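Below, subunit A partners subunit B and then partners subunit C, in two separate complexes.
The block that comes next holds the complex of A and B.
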């Protein structure tokens, strides 16, 4: 769900407000002159509701992005602020949350799959298909070689102990649910997340 | 968490952020929420303003929380059980407990087996060769109907009340001063403040975080805190409870969904290898009431389990194949945790490893061991939005990561993923709220969502198993996959799958239709054990119903004015915001006080500002207990066999302790450290002693940084640019270290170098007649990112964990400090 300009005070403008850009609203809103510089910056912004990705307070965030979703334009987040409606954070963000734009746009963000071959000291760019094919091959070879159907006492155990998986505590529930569904059904038991570290 | 479930029934924060403002007293211990959870901490300040609440901060350092506290004391790291055990002793001996609550809602009257005992630091049943206990004596005495015997006069020498009193009688105020290093006058003043909340209409809330969990006795520290809250009658009430402030944004969700070695979603447990029989597996977990008439909600385990199997395997799961019970992997070890796994990896027993948004080289204890272990893998797959250290463990970064790439044969894949701003879905905050968010922009370059990477791997494996055959492909080939885009399942579809739906029409006991085939379920009360419902995570049933996505709700109305916004997002279980809230009313169903109204009996049903965590038509006269997940319906002082080290928390020293022996058991070498801890011989060889490493170190984090992520973000790196360590003035004087000098901090496992911050915030403590200096080490900074590169703190930390959870002992270890 993405809304065009959803600041609480603008809801008072009624249904028309939902579809208008903030520029147009300036004409309606009181004290337009004083607020104009900020409104100007956010002109045409798409505002998306999100939740801070860092700590477990779960502060509400509004992500402002440019771009109209059409094929030739890419949305680009350029401003983040606290969600004033959020009952816990009420519009606040701490220094981490307030700086999250620099995480989203960090120069350390990865943009394509890479492999480091054994013994090499460099990364090499590869395609997604190559990466996933090679990884899946490793998995299957290892699983077929080391899968245990029975333990030493003859109990049926159906497990794969020679590959492990760490899941991330910043992913969504939906990602986590699907990850669990796949990992467990491969027979993996060395499976963990940050909850115990 | 692991201390909360054995006490209250669920391993989760009992109350919620806004509710902290309802407290009359806030105890911050084992955490520094002003620093680590700054926006949540505003509700502590609100409590001070609104209720004139007092804040007590107990921490090894003078912290940002301590700076605004009404009472601030410094404690030696790892000795919290002594402080809290002393408090229990004080409350019992001065009779400052909430009597009506304790009698009605706790296990004080229950009678324990005659064989149970505790001698010189060890409970009955200890096997020193295996470091384990035979727990058969850690149980109750039962009558012929199978119910627990009780003595409501509390006079029986083996009732829980008397045993607890006896156990904590050793925790005198002098012992606290000696072990914790807090002058007894300060201890007394803090205890007095806390004891004031024993009255029915005043509450203390406890806030803790990793300062309680990251110890070899972490779960027992938490349990001691939970016991204090039972004695004071503070759990279940607004402004009360024990609030586990979790670290990551969705660590609660990943725990709920069971992404841990021994769990299934919704806190169900995988079978052990001995559990070959499906009926036996269910029977053991479908816990029946141990007192007449109690709820003991786990008795419905089979409904939750079968519904999960239907969600995973669809039509392949049938009654006559025990719902594919044989397909589940079975455990031989209690946990296949990370310390265990990296020990095996270090021994060359793992071929492959996946890190999905997780940076173990920086996060796991003993970095040098972690690095050597990773080098023994055939393949490593790192899925992450950022270029993290783990993916480059093989690359030389000088002293910061001194390895020879040519000698490392691991094939490493680095796969770029989306971050939170680039996907839809829900995450669960510390207070169990599932909050939905939306994608704002596409990811950079070719980065992909984790679900599509996982789907890509699964489909390739399925194709290979179909074409080539191979080891036990059944669960892989039969996994349900009804997603509109099989290559990239949508968050909505997945949320509906874990919420659950009816697979056939389902009826209530009067043959009225409750749900038609295909409809989404309202709550876990609709789940069936006959295969007619599917549900991927029973505690999340209700998150996405026929009325739509409950997690996306945004009504912040608070009709009772006590911070209960039931229309905002959705909380498990069943949108209840304060757990065990039946205990917020007296046994007769009326609130304990006008300020503490939460749910009450209106003559016909339970009503109020929260959704009752209780059968809503069960009258007070039925006497059903408020802790509905516990078999006795009451809170546990006596932990039975649920914990590894014993039914009552006992203090043991950290594995690296600055003092010799355990002052509580000076003559028993088996009771110095946690007797039930699992320590691998190689790791034990890497423990240091106070002779070589005389200072007690503790790790922590800073407001401006989040673990090892924000050192990749410019703004945060400008605010806190460089690695430092905090050293108290008197130690700095002794060592000739001045503010800004570079120092080397070393442990038995390695060294780091950093800038010294010489501070008044850390003071030397007097412990058993000896001066103990503590050193504070922030965890942040590594050899990647835009901040000034630094050494990884976990080069120093020991690979030993809590006996229940294997959470590593990051908060107490030994170091030496030198000026360089």
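The block that comes next holds the complex of A and C.
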């Protein structure tokens, strides 16, 4: 973190200083203002920067949430707007992005891994570890069975054509780089991005 | 359907399109209606916030006097507009409160404000005007120093300081009108201080006009200049990790004013932020005064220190 050189000073505006404040000295009793706070309640909200999840434009978003951030409470997002400081979108959102609150709160939104095993008609909830293990197992088996080192003319190809990979669009440059490295290192050629959808 | 001015549109070979917020101005100098708009807002707030009715009513009267003085007087001396070139070129505040304090005749602006107020103040406030007229030039200058430095000043004279501040505000707003162009965005180290006069901001304001809809500006408590700062970021320490927006709700669960405190857990300070999205006429300085209850509640909680500088309300020690 860079050191912020600041000349900012702080001002006490609490109950203690009100009796000798300029307001009181001007002849306006601060008592009523001090008593009025009994009728009010402090409410908190957070604003979090994020990137729209939908397409490769990557518009900036401000997510407004309520909640105290403690472990046992879930922050409740109640408003989403375009981030006016974002260099790409300057506060604009397309209708799909502007409606993202309904996506966040959708009852059918998938929030955990599920599996429908062969022959079954039921989706079953599984853990993330289980899901990743199963995916890795499928990939390994398929790659072992179908990886080609040479084509029919004897040229060296080292390719894996029986599995494809679809990457998400709301990613940083770093995530995109890693995704590309992993996929290409495995020999996968069918590689696309959800941003084109 | 109403079409906006052609200058607000980008022309393409296939037609024209509105530009939206492509490049919000970094620094905006005050309009010459700044005090009349503030007076209007203060009057409105005086009707809405019962516990501060008389105080806000008086402040509305002061703002109106400021407007009259700004509009009607021609000062004997103002710096030549070429005098600011060097400062503007090198990103220095052209109207620095320390640099110009001794050169500028703010005391005749004060006399003009007192004249404008003369027939409009109640019995309780009349002594303020009389005492200010009795003070000699050196005592007034000392009070002006206290105001500009953000000090609480001597207790016996503290009630006079907001009126001194009102004259300093007129003096500095008048000088901003003489600037050939607004200063550039302040350099990173000085981003929380006014690029015109170097004072601390009174509060943030979120604008709603087309070219800067939703964009946040800091508002200077002395010269009313506004300068850009990214949303959701602490104006004191520059961090954004632990910000919380605290507002006041009444017993029915309704927000009391379009004002929140942007509190920062990293440096334990807060600056109020007012949104014109909630109330188009909201004024950072006026709404700051009207939301005194928010300061009092935060003061009671004791977790965050106030960084907003409002010379129209100076707390005792």
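Here are a few things to note about the model shown:
The definition used in the following text is that the second predicted complex is superposed on the first by the 108 of 197 C-alpha atoms of A that agree within 3 Å, B and C clash if a C-alpha of one lies under 4 Å from a C-alpha of the other, contacts with A are read in each partner's own complex, and residues count from 1 in each chain.
The rule is short, and it goes like this: a residue touches a chain if its C-beta (ideal position, glycine included) is under 8 Å from a C-beta of that chain, and two chains touch if they have at least 3 such contacts.
None of these values were measured; they are calculated from a predicted model.
Of the two partner chains placed around the shared chain by superposition, subunit C is the only one that A:81 touches, whereas subunit B remains out of contact.
Touching more residues of subunit A than its counterpart among subunit B and subunit C is B. By the touch criterion defined above, A:124 reaches neither subunit B nor subunit C. Of the two partner chains, both subunit B and subunit C are touched by A:49. In the overlay built on the shared chain, the residue A:93 is in contact with subunit B alone; subunit C does not reach it. Legend: residue contacts after superposition of the two complexes on their common chain; A:193 is shown touching subunit B, with no touch to subunit C. Residue contacts after overlaying the shared chain place A:57 against subunit B, while subunit C stays out of touching range. Looking at subunit A, you'll find residues 1-2, 46, 48-49, 85, 92 touch subunit B in one structure and subunit C in the other. Only residues 20-22, 24, 50-52, 54-55, 58, 124-125, 128, 150, 152, 155, 158-159, 161-162, 188-190, 192-193, 198, 200, 212-216, 230-232, 235-240, 243-251, 256, 260, 269, 292-293, 295-302, 305-310, 312-317 of subunit C touch subunit A when the two sit together in their complex.
Residues of subunit A touching subunit C in their complex: 1-2, 4-28, 32-37, 39-49, 62, 81-85, 90-92.
Contact residues of subunit A toward subunit B in the complex are 1-2, 46, 48-60, 63, 65, 67, 74-77, 85-89, 92-104, 106-121, 123, 128, 131-140, 142-147, 149, 151, 153, 155-197.
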